[in-house]
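The following pair of complexes shares a single chain, chain A, combined with chain B in the former and chain C in the latter.
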Partner chain A sequence: MLEIKDLKVRYGNIEALHGISFTVDKGEIVTLIGANGAGKTTTLMSIARLPRPEAPTVIAGDIIYDGESLLNVSPDVVVAEKRIALVPEGRHIFGNLSVQENLQIATYALDKDANVKDAYEKVYSLFPRLYERRKQRSESLSGGEQQMLAVGRALMTGSNFIMLDEPSMGLAPVLVYDMFKALRQMNEENMTILLIEQNAKIALEFAHRGYVIDTGEIVASGTGKELMENPDVKKAYLGG
Partner chain B sequence: MFTSFFQNIINALQWGSFYSMIALGYCLVYGVLRLINFAHGDIFMVAAYLGFIFITFLFKYIFVGGGVSGWLILAITLPVVMFFTSVLGVFIERVAYRPLREKGAHRLYVVITALMVGLILENGNLALFGASSRKFPAIIHRSVISFSGVHITNLKVLVIIAAFVTFAFLQAIVNKTKIGMAMRAISYDKFAIPLMGIPVNKVIVFTFILGSSLAAVAGVLFGMSYPVLNPYMGMIIGWKAFIAAVVGGIGDIKGAFLGGFLLGFIEILIVSFFSSNLKDLISFLILLIILVIKPTGFYGVAKSTKI
Partner chain C sequence: MDKIRQNLFIYSVGVLFIIILVLAAAGVIDLYIQTVIMFIGVNIIFASSLSIVNGYMGEFSCGHAGFMAVGAYVSSVLSVTLFTANKLTGAPLLPPSLSVVLFPVVILIGGIVAAIAGLLVAVPSFKTRDDYLAIITIAVNFIIVTLINNMAVVGGSRGFMGMKKVLYAMKDVVPFPYILFWVMTFAILTVFIIRRFVSSVYGKGIIAIKQDEVAAEIMSINTNRMKLVAFMFSSGLAGISGGLFAHVIGYVNPGSFSILKSTEALVMVYMAGMGSLGGSVISAILFTILLELLRPFQILKWVIIPLLLILLMQFRPEGLMGDKELPDFFPKLKKYYKFK
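On to the complex of A and B.
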């Protein structure tokens, strides 16, 4: 479904990814794990084709999605036509809009006859808290609720491929677990997921496959289980 | 005393209407781009000239014999001028602001560019029409409505109604439509807009169309009310409208709208008590005091939610 080929990107003159390659197949949950600054967020922003200055410039390699290169696709078209959603780091919800408006705005690019009602129902059944707070201004939500909203918003875009950047960040442990359960439920309903996490343990537990990324290069890969048992990965990312 | 009080209120409402319509344009562009579009006052000036050119054209080639209702001419002129002013606004966005944005330039450089665009519009006009003032054709016969000593011209009523109608229209767009929701969202977090499948540039172009159209309405009505046009007429009134928007709280279109009227009222009331030489001095002192006490303006929010 998604194939990253020898991708090299830079911010200004600084090369941030030195030729990484990996694939995500339909129906999978794939995770990229690695330390802060390893290039995980950079990878997702490159795939989403976000513009400078926040996102990097691709200098070599390719991003292939369903057989077509994304390199010359604009970021809104990545969502509107390719149906790839990104839940960015730091959530980036629209705090001045209500919860419901945040979900509504994500349907901007859907066809007129798209079944928006079902999409709302799906999001609200996955995250009942959002339904309780649907009229509230979204900046008044707690961190965990904001994360749910960010994921819900990605679902509303009608995407069948979702990338998530650190969905566990800043959440209480019990909420992290709930979030991953919701992700697994989405996956069981045919959502392909590419997930990056600093919390390698939980990410590997839930993912089918994983890649370890270190200073802009992929240094290990395998199924979630294999990586959890890999001694190097254990030492570097799983606390021994 | 009583009659002069009401007379002043009407005058203040009329002046405030001009400031408000221009201030809304600053507010919209600022909300979406965080750009103080210093060229906006000059866009207002160009709109007044476009009205002058178009009406002159109508009289010369279309309605040669005269005898056409002034209201009909206004009804034709307004949309035409709104259209061409929007084209100008979008053109400026396209050639002056967007390239800088796409190169990731700091906002300061874009503001400097906006100042230059304003100067280019003023001097371009100077080159085309020369330094002498132009007279805006009188299309609507001024009639005066008087009751118990208060005189209101039909033009004043028209200006005030126009300001309220355009504001209501703008409120409806911003609050009830999908693109309006995108404008509100972009003012809070521009980064996430493309992630919703929304083309950022489309929202920006739409914003410039709205802002320029408002300037066009203000420009034509201003030309009708004060028929002497010169290339620098947009500068001072533009700055004043911008300050009005800030005092009202540039964070909110209600703020910009009210700020315009506030400035109108302050100016007219000062003139009725002091020499008109002191008008700008005293009114800006008052606005300065308001800002010192409440730096975010009346409706402004310290947090980054604009529009």
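On to the complex of A and C.
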């Protein structure tokens, strides 16, 4: 579904990715794990084609989605036509709008004849909490609820491929577990997921496959289980 | 019954509209009060047009008076040459009685030309962000004023007049306070259209841009195009307010569209709160009345008004209403106020 080929990107004069390659197949949950500054977020930003200064410039390699290169595609087309959604780090919800209005903005990406009601129902059944709070200003939600809203908003765009940047950030452990269960449920309903995590343990537990990224290069890959048992990964990311 | 109650707010605006018109036609409220009401209408359009860019979209345009000038001059020149004997074309190009029907069209054309001017400014400006947009729009304000100052055809710095004759031509057909009618109509329409715009899914896009450009982009909003549309819309409305302003006074000169006029709009929007349409209307009303009350102080009013602004920033930096609307403060109003 998604194929990253030898991708090299830079911010200004600083090269952030030194040629990484990986693939995500349809129906998979794939995770990229790694330390701070390894280039995980940069990778997602590049795939979402966000403009500068938010995202880096691609200098070599290619991003191929469903057989077509994304390099010359604008960010709004990535969402509206390629149906790739991004849940950015730090949630980026619209704080002064209500929960419902946040979701409403995401319907911007849907086709004119799309069934908006079904889309709302899908999000509200996955996150009943959001339905309870639909009239509330979203900045008044708790961290966990805001993260649900960010994921719900990405779902509303009608995407079948979703990229998440640190969904566990700032959440209580029990909420992290709930969030991942929701992701698995989405995956069972045909959503392909690319996930970035610092919490390598839970990410590898839920993902089908994983890649370990370190200072702009992929250093290990395998199924979730394989990586969990890999002694190097264990030592560096799983606390021994 | 429920339906009537939900629309009570709109009905009461309509009733107020008719009462003012009837009183004006009957001569109960004198011309001075009528002029103040018309200034209020013009300022409502002007302030709410700026609140699209500075309030809802969170960009900073400082030169809105420039677009007002474009609208004012285009519609003035059109209406004077079309409907009255004048220096430019001699005899009127159209029968003066047609002015009754075509007056709003002339005003709208002024608005459209101003919108095009807005687009010309926006295309290069929105390659920048924040402060740079403010600098560019100030420059544009100066460019437009200087251009008009040097156009002998429209009177240069002496100004351009004759719009009163258009009003007389209209009154010759049927006596009726036309200009008052159109100012109030355009003001109500403007507020209604902006309200519809910002509560639509499409219009939510500009609120999204203000909050978070990255998030707006990943919601598939084409931020560049959205900014252009909003800026055009806003400068077009400023042009309409300019056209009406010119016809209310009956005389325009480039001096009335200087940076001071842009500042007035900024004061109104920041007094109102960023992103509150109701606030813009209220502060346009308050500000116009305040200007009239302070008229005896002459230039000193430009000491008093900035002082008020400083006090406001000190004690209520988000403006009178912040980004909330009236029903957020008085939830009971919601019963009478269904505006979507």
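Convention: the second predicted complex is superposed on the first by the 240 of 240 C-alpha atoms of A that agree within 3 Å, B and C clash if a C-alpha of one lies under 4 Å from a C-alpha of the other, contacts with A are read in each partner's own complex, and residues count from 1 in each chain.
Methods note: a residue touches a chain if its C-beta (ideal position, glycine included) is under 8 Å from a C-beta of that chain, and two chains touch if they have at least 3 such contacts.
Here the structure is a predicted model, which is why all the values come from computation and not from measurement.
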| item | value |
| --- | --- |
| First, second, both or neither for A:88, with chain B first and chain C second | both |
| Partner chain in contact with A:108 - chain B first, chain C second, else both or neither | both |
| Partner chain in contact with A:52 - chain B first, chain C second, else both or neither | first |
| Chain B and chain C contact sites that coincide on chain A, given as residue numbers | 48, 50-51, 54, 74-76, 78-80, 85-86, 88, 92-97, 101, 104-106, 108-109, 153-154, 157 |
| Partner chain A, residues of chain C touching it in the complex | 201-202, 204-205, 207-208, 211-215, 217-223, 275, 323 |
| Touching residues on chain B, where the partner in the complex is chain A | 102-104, 178, 181-182, 184-185, 187-189, 191-200, 303, 305 |
| List of chain A residues in touch with chain C within their complex | 48, 50-51, 54, 74-80, 85-86, 88, 92-97, 101, 104-109, 153-154, 157 |
| Residues on chain A engaged by chain B in the complex (per definition of touch) | 48, 50-54, 74-76, 78-80, 85-86, 88, 92-97, 101, 104-106, 108-110, 139, 153-154, 157 |
